[in-house]
Amino acid sequence: MPERLITYREAVNEAMRLEMRRDPNVIVIGEDIAGGAGRADKGIIDSWGGPFGATKGLIQEFGPERIRDAPISEMGFFVAAVGAAMTGLRPIADLMFVDFLGVAMDAILNQAAKQRYLHAGAVSVPITMRAMVGIPPLADPTKPGGGTAAQHSQTLYPLLVHIPGLKVVAPSNAYYAKGLMTAAIRDDDPVFVCDHKMLFAQRAAVPEEAYTWPIGKAAIAREGKDVTLAGFSYTTILCLQAAEVLAQEGIEAEVVDLLSLSPLDEDAILTSVRKTMRLVVVEESPPRCSVARDIAAMVADQAFDDLDAPVKTITAPHANIPYSSALEHLYMPTPQQIVGAVHEQLGRR
Amino acid sequence: MSLPREELLALYEKMALIRGFEETMRQEMEAGRLRTYGHLYAGEEAVAVGVGSHLLPQDYIAISYRGHGHSIVRGTDINGMMAELFGRSTGTNKGKGGSMHIADITRGVVTANVMVGFTIPYAVGAALSLQVRKQSGAIAVAYFGDGAVNQGVFHEGLNMAAMWRLPVLFVCENNGYAQATPVEYSVPVPIMDRAAAYNIPSAAVDGMDVFAVYETAGVAAALVRNGGGPYLIEARTYRYSGHYVGDNTLTYRSREEEERYRQRDPLLLFRQRVLDEEMLAAGELDAVDARVKERLQEALRFAAESPAPGPDEFMSNVYASYP
Amino acid sequence: MSLPREELLALYEKMALIRGFEETMRQEMEAGRLRTYGHLYAGEEAVAVGVGSHLLPQDYIAISYRGHGHSIVRGTDINGMMAELFGRSTGTNKGKGGSMHIADITRGVVTANVMVGFTIPYAVGAALSLQVRKQSGAIAVAYFGDGAVNQGVFHEGLNMAAMWRLPVLFVCENNGYAQATPVEYSVPVPIMDRAAAYNIPSAAVDGMDVFAVYETAGVAAALVRNGGGPYLIEARTYRYSGHYVGDNTLTYRSREEEERYRQRDPLLLFRQRVLDEEMLAAGELDAVDARVKERLQEALRFAAESPAPGPDEFMSNVYASYP
Amino acid sequence: MPERLITYREAVNEAMRLEMRRDPNVIVIGEDIAGGAGRADKGIIDSWGGPFGATKGLIQEFGPERIRDAPISEMGFFVAAVGAAMTGLRPIADLMFVDFLGVAMDAILNQAAKQRYLHAGAVSVPITMRAMVGIPPLADPTKPGGGTAAQHSQTLYPLLVHIPGLKVVAPSNAYYAKGLMTAAIRDDDPVFVCDHKMLFAQRAAVPEEAYTWPIGKAAIAREGKDVTLAGFSYTTILCLQAAEVLAQEGIEAEVVDLLSLSPLDEDAILTSVRKTMRLVVVEESPPRCSVARDIAAMVADQAFDDLDAPVKTITAPHANIPYSSALEHLYMPTPQQIVGAVHEQLGRR
């Protein structure tokens, strides 16, 4: 049977649709996830289906009660979704752009992530939160450069990963997107799903039926023995591109696709590093308190005696994201930078 | 308003139990036997009792750090509450939450929250859940203070409740102060008037008079329960203690003002009325007082004899599962 | 209302310049010469012009991602604005901000902000600054959309402005939609009525008619300027394009509705009235149109000939100093 | 002349007072920083002067215009303070507890930290933000254990340090508190000042006149040659206590008091580590994406060849903060843990 190729967007949409069919308590709440709640006067047909189309077509099947268009009140509807999660629903709350995190932050930091603990386990908070992250593509769908500027292009992973009580996942393609979204919806803990704009139109082979990819489990995206490249979300693609370049030089890079940021698959990373003795971690966020440095510190400690070279982190700089395409491309990590870091590591051999 | 004597006695018993619980906590703290961050509800009993008497087991409530009273009305076990204050493993929240977070989900208490105003979207969420799960006949109640009405979530929560016609009752406990800030300094209109911005009906009520609260809340809760959408009650009340135990109220309000309210003490007003109108006999009330005293002694004993949580409890319940 | 002809011509010229700028941007984008995230103000010109005509150089404004019109009214250099769209180093913001963030502080534009509703607390802050620095006679204006009135900061901002009696004018540009959401779906009362929750006076005005806006805003701005505290104007208007360039409006609104508004186009209404009432001659308006066209061609040339920012610009201006 | 010993609280208060005298554009805004704006009916006398008394007495001198009691509207008044900072004032915005960060986060993340950049340098944002952090003392002022639970005891440093465009400082005593608060107020960038509850009643020698401690400069709190302990805010005290214990064993620990978290004094850390060849970083926050791991990663990279043992981080666990004193003490790092880490490092020598 030929594999079915669908886009990341379609995979997310399908995951939500299948879980909504399976469990009547799954709902989606967000701004313009339908658009005017499907405009009853028009016979409940969505207009936007989400600014990126993630929820397209769902209101036709599930109606405006369960596809709940929200007013522009992120803190309000995120906390409401937490409250709903504690009283029988399994809401998916859509933040649209992760850049809006600061408007809804307490709903995550002090609410979703702490209620189980405050209740000493007597209550679960099965909420899934999702947002689009990163610099978008522009003309060429494979090249970042959307020019959405400082308040619409961030990733902000570290602000999420730091929070105890929260799980954070960042899929790298449509296959993992569906598996992780399904796992997130079924999970009894709050899970934040980061979907990258660069990946949303990319296709991968995706089974039609529902399946989960375990939260907390990394994947080996490419095997190698000379150096480990760790990425997640779009930077996995950058790592794979760098691995291609390195392969042409005879350097066999192993690419660990983290997929989950919290919990982190430390074993997968350490196993790979103990084999290759070198690690480069790649992240689209600025460096300070980044996931990249978090992992680097963990590995530099746990694998101290195994490392042949310092762990390198490739991140965006400690800077804001510029609009002009002449500057914007300086922000995003590149395969060339990754290759350069590996060269540096091997030069030390 | 005429109520059956069992209902009258129940109103009084709940108020007395709240008062007793808060007084016990204050005494334990002042005696140095309990050290914590405690926000007492004494003075405001008529609100939790007057509103809470209309709630059913399937209803949800969301409360703040000043929520002991509402928890008691919901029937939360007093022993567990007292143990929670003392950080015992037998506490309502196994010692993890403490005074500010006592919340028994089996009694429909969704959250006891420190973030001012956040009870509002919580109750909106619980009401949304009721609506989606078609649990008609159940409602959610948000309790919050006068200071909370300036938080963005007040606005966002009331708007969503209105747009979605959710079964949620908003109860503003206007005790005149947010910490040291008098309500007149921070809200330029009567709080009940703010409901109009969302096309939500509202009423203000004397929050020292449990009969008045009972009546107003009865009408409001019935409306909400019968699909009428949200409703806002502003109950004008007073907290006797400082914002927290240890706060010196006289730096921001006068002894005369405090005295004036104490003369309208909700338990006193109740006693006067039921005796004046011969609804109950003094002996019946005294018997309640004695029983309450007994229960609180028992709760203190329970707490004292309960073990502290073991270190294995520290990391549990952060997640349902975390590999 | 009768206005001197220079003022009439100025009103028209500003509206024409805004329309021309937005049309130019749309054309450049549709031709593939410009790729960006663009939110056009075409259709709403009467609001920015009618309000902005009452502002003085010392006044402050805060605008959203849909702020080209307001910037133009403040006198921001068109060449710089066009260059900013194209990400050039000669742009208003040196190519760092782009379409959504064009803001010239020397023209009193405090921020052009993407966060819906956040213009409100910015203007409140600017007004606070004016008050503390005793710059009486200067005011701050917040422009925001119909969707923004459900953000917590709307509530918090209006409340603070009222409590502190700040010189701030709130201008809600109700264009009927927030992205694809019609205002009736998300706000259950007329927006102007929300001002009552803060004891703030308010008025609604036909936002397609620059005369009406001019008149209402004149009264409101004078009140605010003379120490009367905040004021809210709801201007009912329409955006011709999608939420952003590329958004297909027909998925959420009808061609008939769009047509209805186009027939009340602010430039058209103006032309009809000034010609009907013989306030201006057709030739005068045509001359303005020609001049505007010329200026925009020049701006496009300027942008095209301007250099892109160099890589050294990338990390600059994140901080004033960072060792 | 005898040294004047004043509390950290008094030092913060004095810094604000002196700067308000010096510059009429300095204002303070926050909830109950006076209490009812000094109640004009009472003749403008503050009641609270801030929940921790940091602003006590200021309204008497500067009046309710400049000591601006705010409604409970953190996002609103924080963004307003940013707007005021861009239009001539130098506001000090008081968040009370850092736990409320999630309610005002966008004011920092997308507003204060990005406006200079978005304006391409045409505007400055000279705002100072302050908040109380950490677990408070209880009966014994030198022992943590306040029982303020999960929503009132956090530090949240990483959520701030991650943000480009923001500066973050965390003084360890009254002397630095005054110097850094003064520097923050005079700084043209947004600065977040973290004041620890454990330190607020502690005394140190503080000059009466105004002075600054440079933002971005660490201090050597104790010299040593065998191992470097890096702390900040209250963990500097824990490091000093650990150093005492180690000294009794003949181990000379150098304690680097970071003081600034962003910018970070990398030189000071690296210089010390190159001397001692060992580093332990101590932080009260949970580990993921912590400042401790950030520093560990930086040092493990920059000083790879100089390290004799893996960099160790001592942090709170990835958990919420419990109420019960039987559990709460398990959260805060201890001198014993630091000593243990050093033993481990030296065992490897």
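Lettered A, B, C and D in written order, each chain numbered from 1.
The criterion applied here is as follows: a residue touches a chain if its C-beta (ideal position, glycine included) is under 8 Å from a C-beta of that chain, and two chains touch if they have at least 3 such contacts.
Keep in mind that what you see is a predicted model, and the values were worked out from it rather than measured.
Of the other chains, whose C-alpha centre is the longest way from the centre of subunit D?
C
Could you work out how far the Cα centre of subunit A sits from that of subunit B, in whole Å?
That gives a centre separation of 40 Å.
Rounded to the nearest whole Å, what is the centre-to-centre distance of subunit B and subunit C, using the mean of the C-alpha atoms as each centre?
Roughly 46 Å, centre to centre.
Which integer distance in Å separates the CA centroid of subunit A from that of subunit C?
Inter-chain centre distance comes to 36 Å.
How many Å are there between the centre of subunit A and the centre of subunit D, using C-alpha atoms for each centre?
Measuring from centre to centre gives 31 Å for this pair.
Subunit D: which residues touch two or more other chains?
Those would be 71, 73, 75-76, 99-100, 103, 106-107, 110, 117-118, 149-151, 164-165, 317-320, 322.
Hey, what residues on subunit C touch two or more of the other chains?
93, 95-97, 101, 113-115, 150-153, 155-156, 159, 163, 185-187, 318, in rising order.
Does the chain-touch network form a line, ring, star, complete graph or other?
complete
Would you pull the subunit D residues touching subunit B in the complex into a rising list?
By the definition above, subunit D touches subunit B via 31-32, 35-37, 39, 47-48, 51, 69, 71-73, 75-76, 99-100, 103, 138-139, 146-152, 317-320, 322-327, 330-331.
Within their complex, state which residues of subunit B touch subunit A.
60, 62, 93-97, 101, 103-106, 110-115, 118, 121-126, 128-133, 152-153, 155-157, 159-160, 163-164, 316-323
Under the touch definition given earlier, write down the residues of subunit C that touch subunit A in their complex.
Per the stated touch rule, the residues are 35-37, 84, 87-88, 91, 93, 95-101, 113-117, 147-148, 150-152, 178-182, 185-187, 251-252, 308-311, 313-315, 318.
List the residues on subunit D that touch subunit A in their complex, please.
75, 99-103, 105-110, 113-114, 117-118, 149-151, 156, 158-159, 161-165, 262, 264, 285-294, 296-298, 300-302, 304, 309-313, 317-320, 322
Once bound in the complex, which stretches of subunit C touch subunit B?
My answer: residues 150-156, 159, 162-163, 185-189, 193-194, 196-199.
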